[in-house]
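Below you'll find a set of structures to go through.
Common to both upcoming complexes is subunit A, partnered first by subunit B, then by subunit C.
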Partner chain A sequence: MRFEVKVEVVPRDGIANPEGATIERALPALGFVNAGNVRVGKVIQLQVEAESAESAERVVEDMCNRFLSNPVIENATVEVL
Partner chain B sequence: MSKVIGVVRFPGTNCEFDTIDALQILGAETKILWHGDRDIANVDSVIIPGGFAHGDYLRCGAIARFSPVMDAVKSFAKDGGPVLGICNGFQVLTEAGLLPGALQKNVGMKFLCSMQTLEFVSTSNILGANALQGDSLRIPINHFEGNYVCEERVLKELEERNQIVFRYAENPNGSIADIAGISNLEGNVVGMMPHPERATSPLLGSTDGIALLNSLVGGSAAQSV
Partner chain C sequence: MRFEVKVEVVPRDGIANPEGATIERALPALGFVNAGNVRVGKVIQLQVEAESAESAERVVEDMCNRFLSNPVIENATVEVL
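Then we have the complex of A and B:
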């Protein structure tokens, strides 16, 4: 079966996120003064052929650990849609 | 016999010719190592120059590590061969697992292109033949993702094992502990964000890169270009 999978890659806690910090500093200019802890990451969508949703999830988690994210600075979450 | 320096070229590399010019003027023979080649035989050192290898897609250096030449570079490094990564080359070396940590976007989200003053923190590596610990060098940077990060435990190890090669006198990009360059434990693999090849002539504003490149080429620091 073919599964649609979504991967979210976000900076790890404790790792500075200059992109998020810059957006956070800009938000008050539009009147959004209540937002904080802005983190910018990326979304990767892909399809995988697998026997089950669990198996698809495992395969994509392996991709994340070895390639799609850099565990030094990023966390990845995998969602089978 | 002059030393043969292999300069790796990925699609998107753009500092290979500056690097080659500087090395040739210092008396080295140079050889372009195409990223698709599996063989880097007969080079004395390898330099991974700056640029945007494979478009920096996904993360800087993330795709470059799959280029066939990187397997050869890894074996070369494992056997003690000198490997220097400059700027994007440093990013490639971290992604390839040859150096610890990672490089992320500069604090302030600005592309930085400026002369920097560096402290030569540890000379027990391939760049230190002509230098003294504590030397001050002027070498330019040219990067958007030069903000070095690593886990606290890794930073402690880098400090304890003399693996911090260069620190910025004034931190331009948010790098942890002002780090501008590091080495592996053995000292034969070095990654640095500043560009020594762009500090090899009075016309470029500094000649302090000569001592670093000559450490690979086998010449002395005093040799002028």
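Then we have the complex of A and C:
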């Protein structure tokens, strides 16, 4: 079966997030005074051929650990849709 | 109230996605033969001070249309957590 899988890779707390910081600095000038704490990461969508949702999730978690994310500085969450 | 909001910005179908294409090309050499159709986008997490979840969503949709995404080439989905 073919599963649609989504991975979110976001910098860990305490790790510099310059893209988020830039958006945050721009918000007041753009009229958004009630927003903050912006973090920007990557979302990776892919299709996996697997026997079950669990095995698809395992395959993608393996990808995350090997090359989709850097566990030292990033959190990766895998979701089978 | 303070709401945690998540925005996913992904290239529309038919729009070049070089990062996804690069991952896809690398997969077989890394031992992942059953995966494909990789698309890479951005995920933006932020906190918004608003009266209700609906109004927080409206504020962030406004941000998307104005500067978080380019609606010509990208799809943005807003989710209040």
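Convention: the second predicted complex is superposed on the first by the 81 of 81 C-alpha atoms of A that agree within 3 Å, B and C clash if a C-alpha of one lies under 4 Å from a C-alpha of the other, contacts with A are read in each partner's own complex, and residues count from 1 in each chain.
Criterion: contacts are C-beta pairs under 8 Å (C-beta built on N, C-alpha and C of every residue); 3 or more make two chains touch, one makes a residue touch a chain.
These numbers come from a predicted model, not from an experiment.
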First, second, both or neither for A:F67, with subunit B first and subunit C second: both
When both partners are placed on the shared chain, which of subunit B and subunit C touches more of subunit A: C
Which superposed partner A:V59 touches (first subunit B, second subunit C, both, neither): second
First (subunit B), second (subunit C), both or neither touched by A:V48: second
Touched partner set for A:I15, first subunit B, second subunit C, both or neither: first
Those residues of subunit A which subunit B touches in one complex and subunit C touches in the other: 67-68
Complex interface listing, subunit C residues touching subunit A: 8-10, 20, 23, 26, 30, 32, 34-50, 59-60, 63, 66-68
Interface residues, subunit B side, partner subunit A - complex: 58-59, 62, 94-95, 100-102, 104-109, 147, 149-151, 174
Subunit A residues within the subunit B interface of the complex: 11, 15-16, 18-19, 21-22, 67-68, 70, 72-73
